[in-house]
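In order of appearance the chains are A, B, C, D and E, and numbering begins at 1 in each one.
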Amino acid sequence: MNTISLTEPAAATAGAAAAGPRCAPAWRAPALTLALGLAACAGMPDQLGLLTRIFIVGLFVLSLDLVVGIAGLATLGHAAMFGMGAYAAGVFALRVAPDPLVGLGVGLLAGALLAGLSGAFLLRYQGFTFLMLTVAVSQLVLSAAHKARAWTGGDDGLSGFSMGPLLGRFAFDLEGRVAACYTLGVLVLGFYAARRLVDSPFGLAVRGIHESRARMAALGTPVYRRLLGIYTAAGALAGAAGALSAQTTAVVGLDSLSFALSAEALVMLILGGAGRLTGALIGAAVFLVLHHTASSINPYHWLFIVGGLLMLVVLVPPAKATAWLRARLGGAP
Amino acid sequence: MSALMLEVKSVQAGYGPMTVLDGLSFQVARGERLAMIGRNGVGKTTALRAVMGVVPLRGGSILFAGEDVSRLSAHQRAERGLGLVPQTRDVFPSLTVEENLLAGLKRRPKAALSEAYDLFPRLAERRHNGGNQLSGGEQQMLSVARALLGQPRLLLMDEPLEGLAPLIRQELLAAFRHMGQQTGISVVIVEQQVDEALAYAGRAVILDHGAVVHEDDAAKLAKDTDTLERWVGMAVH
Amino acid sequence: MNTLSNILIDGLAYGMVLFVIAVGLSVTLGLMRFVNLSHGAFAMVGGYCAALLTRELQWSFWLAVPLAVLATGCLGAVLEATVLRHLYQRKELDQVLFTIGLTFVLIATTNALAGPQVQMVQLPPSLAGSIDLGFRTMPAQRLLVIAVGVAVALAAALTVTRTRFGIWLRATVDHPGTASSLGIPIRTVQCLTFAAGAALAGLGGVLGAEVMPLEPYYALKYLVLVLVVVAVGGMGSIAGSLCAAILLGLIETASKYLASDWGSLFFFAAMAIVLAWRPNGLLKR
Amino acid sequence: MSPLLQLRQVDKRYGGLHVTRQVSFRLDAGDRLALIGPNGAGKTTLVHQISGVVPSDSGEVWLRGENVTRLPQARRVRHGLARTFQITTLAPHLPVQRQIEMALFEREGLSASAWRSVDSYPALTAEAQELLGRFGLRAHAATATEDLAYGEQRLIEMALAMALRPKVLLLDEPMAGVPKGDGARLLSALDALPKDLGVLIIEHDMDLVFRFANRIVVLCEGAVLAEGSPDDIRRDPRVRAAYLGN
Amino acid sequence: QDSTVKIGIIGPFSGPFAHYGTLFKAGAEAYVASQGGKLAGKSVELIYRDTGGPNPAQTKVMAQELIVKNKVDYLGGFVFTPNAMAVAPLIQQSRTPTVIFNAATSSITEKSEYFIRTSYTLWQVTVPLAQWAAKQGMQKVVTAVTDYGPGIDAEAAFKSEFAKHGGVVVESIRMPIATTDFGPFAQRIRASGAQAVYTFLPGGPPNLGFVKAYNENGLARAGIQFLGTAETDEFDLQKFGDSALGLTTAFHYSGAHDSPQNKAFVAALRKQDPAAVANYASVGAWDGMYVIHKMIEATGGARDGAKALAAARELQWESPRGPVRIDGKSRHITQNVYLRKVEKQGGALVNTETLSFGPQVDFGLGQ
């Protein structure tokens, strides 16, 4: 054992009251999400379609957070994995079997596979170069999907498949009850897995890489392999989200691979706060609800509202705003 | 005209929710060399940055040559004759060595550059290298030279000797002394090498928790091992 | 043979259009390292100003263009001085979010004020026609674009690498606090540079309008394109952006002549290859 | 006995600049070797070459009987090599304790474990806190690293290297920015490290160097100028002229 | 309250295609206003939903909400094929009659028997154009279409029909959808040695770019005939300036169609929204509302999808575009297609109808 002592050991142990950092239990936030999600479904039975969409996009933004917020790799090509999962699940349902859970697994694997393959190339680069390369890769995937009309239906979309009942029992209904529960379930599981991943030594190493690659390499961390690990995991979640989207809408369009989707997801993530996972869900929910309401009240100028909001969020970060409010209301500091 | 070059009056400053400087006051006379010492994290760097104007004041005031500069921006203070050698060196990586030197220059470049290169011949050899390609000590030289080219009347130096080879260190301190005699420049120097700093300086202040806790003649303080032991934790020699 | 010369001519012309559209971003993103996704919006403002002046007010093109560019620069300066300056020290993602928001608002404003239609900048007769090259013709306006592009590239590159202002700018970007303590008026430097970037964006909007038509979604439509030019050229290198624009223009044009049903596949593949080979861009400094 | 670390004719050029030239020396178990030399002599570059941050143009690096010249950094660390950086290199936003834990997980080969929470390794948590305590940073366990003063961050550099329990320790100016008193105590504490540990230290503070080292290598213009015991070096006129001064 | 009929209109109201939404709205509301604010004695509520661009998932959510929450009786709108496809299962399940105002891929109406279409398909307008071209003695034509679903439809339609009449398509150029610089394609068209170019482009900026390239690269001067469809859309026709003069297109509607019905339509549209333009999108919405009107009449405002569809199937009326009817089998509109030429009338550019090809069905089904 090394035995260095700079200050008196006694002093050090006396200060043991100084608590170290601790992680919150991994089940807490997912359980809360489940409760909130179920409450929302029960409270708004008319809006199950919107809720389903929020759950799906939430899962997608969550996976983006693993890459952007945790690993610190800004990407504008994450839709590639989402679309890959969606097309895989769609093609699987059309040509092999309509079972949703198996299809979900297929989409998940497809997303992971694409992430693994593209990551093996992309992760050799950093920063702006990485960002632009993710754009390139996703555009190449998009071109391929466009070209492969026989499989993907090109820009007419892949349609004509229908999903079998969930677990062989619950058929997807018009109101979308089964779809909402199904997607919420997958979201909560995905969230739990992501939470555990982030709080594990692996997650800690990835966060370390985010902050200082040189330091992690000097500690003996195989930087590239860790990044590939998290990128693949994120790809799996994105693929699962894509599969859910394909299954619940029964159509897959090229938009599921588009730059716009990648960019929009990034906006949602930053809106909710990157790097904390919960922020991803909050961002997705806020953005989609806002879009939905703004476009049902006045579809013409929803850009005003969302644009203004984005600027506001940056100028007055939510954390600052709540702190100010709390101070204003005279609460405890 | 005030006899004081710098007057720091109960200055408050900090980062985010944290207060680092808490009622800091000290003075520097014209031509004086002041050493500022203290343990890690007591706020020496913050003090210099606050004087320079890189860290905003939260209270108190700073008078430079009799003028209240508390509300001026750093470059306005630089124009009035303040200069800083930052602890982190902050060599501009996207500039070459020569461009780094030119960045803060107000005079004709030729003479100024050759002055700098005389002081640090090493820099002359590297003049076309990028700032990010220098060794630690070379960066330190560049940072010092760069600040000197601005011809400050009061130079704030944050651990300027760190990472320099002993030979260079001796030469540099000699050069500082020489410069002080020639131009009457005032200096505030923060240094962990307390013995060297005290040997160079005329007077010294000791900081703790963002305030001056001891002030003395440098030579006297150098012998006052009790005080040094108490505030700086050093039992050298 | 004919195809080859066609590719070279059209590719060069298209590349120069790409360059004039991207050069403003090369300044704000490349040099200032401010992730300015509202670049397209500034270009749009410049273009709309020129369209308005030439079409509605019937101003001369030669008068309207400098004025439009100036107006865009002023808008940039005002925005910088009031809001954007607070974002330099923030995380890049915050800059992304803010400038995207700004872009959205500008799109919506444009849409509300001028409607969704395409706006045309009225060209003077000398530019409206085409020029006979013997074996083919070429739009006269492209010659102006090429000339202006080269001039802008030279002027910008010289300013950055050869002048005191260039040194100040790069110093300010590297360590603003330290630059300021060396007596560099960093606020002026930042504001002027941003305004210049915005003005160049405006210039690109006007000159590029023939190929990239002005409409409200202009602000987002060509964003990826200009980002690619800046990335391939290398952060902070104006000359690099020029080379990148011409290279990409040639590739895109060649693919139109030879393999158009592959879409922009070659464009993006080229970008991936260049970046994989030179991660810091073509002209790595 | 084979040396812990051996350099054989290691060479590095940056364009036209020949930074390290045919450097050879060895570090044995229990060695306390100081690497000194003028600024820009190539000391840091040499540490980069040994640890694998910068590839060598030619020559070989042997670590505990194995040629590691072509191995990536991480593999060298697993061979028992740890280093500190001259320019502080830490994860700025992580709490200090997490920073240390990262090193411990890596040492224990746990950094690929992706399911159990970092809090579920009480032995490692305790070790991290104990380590922080030894550097007087216990109270800062939950502070973000960037909020520490510069000198405190220098200590974390050291703590991280110690946490890896290396066999070969490379220290690049570890005392710079640390008050002299603390620095001296830190070094004497280093003396108490396991006897079979080899330490290579770069330092410009000659008091500390002469007190700590049992052998000194002087690097000048990228080449080894002199090598020997502290007393030899102190007396060597070439070293005095190039580096030490009067 | 019970007597209110709810109609959900889904289209792009934001984003690059927002003008479609605006025109849908203007056309639909103009129709309702022209009927005195009530359809078949029922007051109607139009509920708009914004899809942005092609986004089937989003569209499905909106349709679901409209059907489940808002309990709409009819759906209308749809600019993009995948968006229309996405609602097929929903309307089939809920028996909601759905009128497509624009989306032009032939196969959509096969996806659900509750789809009715009042726009056009590319086969419908292209087949007569190809026949005409052959009749004019053209033997070599080059096709240049945007590389996406409708463009490929257009290319296939022209090629097969032109070949039937002995013509040769010398080159088929597919232009990437993101193309902004059409110069190279113009050069290729010129180099192909064809007598005419048949083209299809999505609305908006690409049209302008293509026509500009057509002129600037001297194709017009070289006598290469322009054969288009929707390129001279009234929506941005004026922007072309004189470069559009003489462009020939075949289409089912021209804003300048000379009939009392069209005059009434244009006037109603003006009144509703002075900025709105009479073009295929607004007329598609207008006629779509007519069909819905008749369905309401047939069902007496009750929710009865089957009955409504039965009524719509045999519909026949005089539309602003001319005499039309809904084909009972395909549920697609059968209409006249006209050959048109861009001319200047009173300082403004218009599509003058020079020839009517007579009623045309959707030739694309079963292709």
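Keep in mind that, in the parts below, contacts are C-beta pairs under 8 Å (C-beta built on N, C-alpha and C of every residue); 3 or more make two chains touch, one makes a residue touch a chain.
The chain lineup, named per UniProt: A = Amino acid/amide ABC transporter membrane protein 2 (HAAT family); B = Amino acid/amide ABC transporter ATP-binding protein 2 (HAAT family); C = Amino acid/amide ABC transporter membrane protein 1 (HAAT family); D = Amino acid/amide ABC transporter ATP-binding protein 1 (HAAT family).
Since the model is a prediction, treat every value here as computed from it, not as a measurement.
> I need the common contact partners of chain D and chain E, sorted by label.
Chains in contact with chain D as well as chain E: A.
> Smallest number of touch links from chain C to reach chain E?
The fewest steps needed to get from chain C to chain E is 1.
> Among all other chains, pick the one whose mean CA position is farthest from the mean CA position of chain D.
Result for the farthest chain: E.
> Measuring centre to centre, with centres taken as mean CA positions, what chain is farthest from chain B?
Result for the farthest chain: E.
> Have a look and report which chain pair racks up the highest count of C-beta pairs in contact.
Highest contact count among chain pairs: A-D.
> Just curious, how far off is chain C from chain B if you go by their C-alpha centres, in Å?
Between these chains, centre-to-centre, one finds 43 Å.
> Roughly how far is chain C from chain D, centre to centre by C-alpha average, rounded to an integer in Å?
Here chain C and chain D have centroids separated by 47 Å.
> Taking each chain's centre as the mean of its CA atoms, how far is chain B from chain D in angstrom?
So the centroids are 29 Å from each other.
> Please report how many Å separate the Cα centroid of chain A from that of chain C, as a whole number.
Chain centroid spacing, chain A to chain C, equals 33 Å.
> Would you mind listing the residues of chain B that make contact with two or more other chains?
Residues of chain B never touch two or more of the other chains.
> Please list all residues of chain C that touch 2 or more other chains.
111, 261-264
> Enumerate the residues of chain D that touch no fewer than two other chains.
Each of 155, 182 in chain D touches at least two other chains.
> If two chains touch, include that pair; go through all of them.
Between chains, contact exists in these pairs: A-C, A-D, A-E, B-C, B-D, C-E.
> Applying the document's contact rule, which stretches of chain E touch chain A when the two form their complex?
Touch list, chain E to chain A: 13-14, 18, 21-22, 47-50, 53-58, 60-62, 64-65, 67-69, 81-83, 85-86, 88-90, 93-94, 105, 107, 111, 147-149, 152, 177.
> Looking at the complex, which residues from chain B come into contact with chain C?
Per the stated touch rule, the residues are 49, 52-54, 73-75, 77-79, 82-84, 86, 90, 92-95, 99-100, 102-104, 106, 130-131, 146-147, 150.
> Which residues, counting only chain A, touch chain D once they are in their complex?
2-7, 9, 11-13, 15-16, 18-23, 26, 196-197, 199-205, 207-208, 210-212, 214-223, 226, 229, 233
> Would you tell me which residues of chain C are touching chain A in their complex?
83, 86-87, 90, 92-94, 96-98, 100-109, 111-112, 224, 227-228, 231-232, 235, 261-265, 268-269, 271-272, 275-276, 279-280
> If we count contacts the way the header does, which residues on chain D are in touch with chain A in the complex?
By the definition above, chain D touches chain A via 51, 53, 72-74, 76-78, 82-83, 85, 89-95, 97-99, 101-103, 105-107, 110-119, 121, 125, 128-130, 132-136, 138-142, 155, 160, 162, 164-165, 182, 185-186, 189-190, 192-194.
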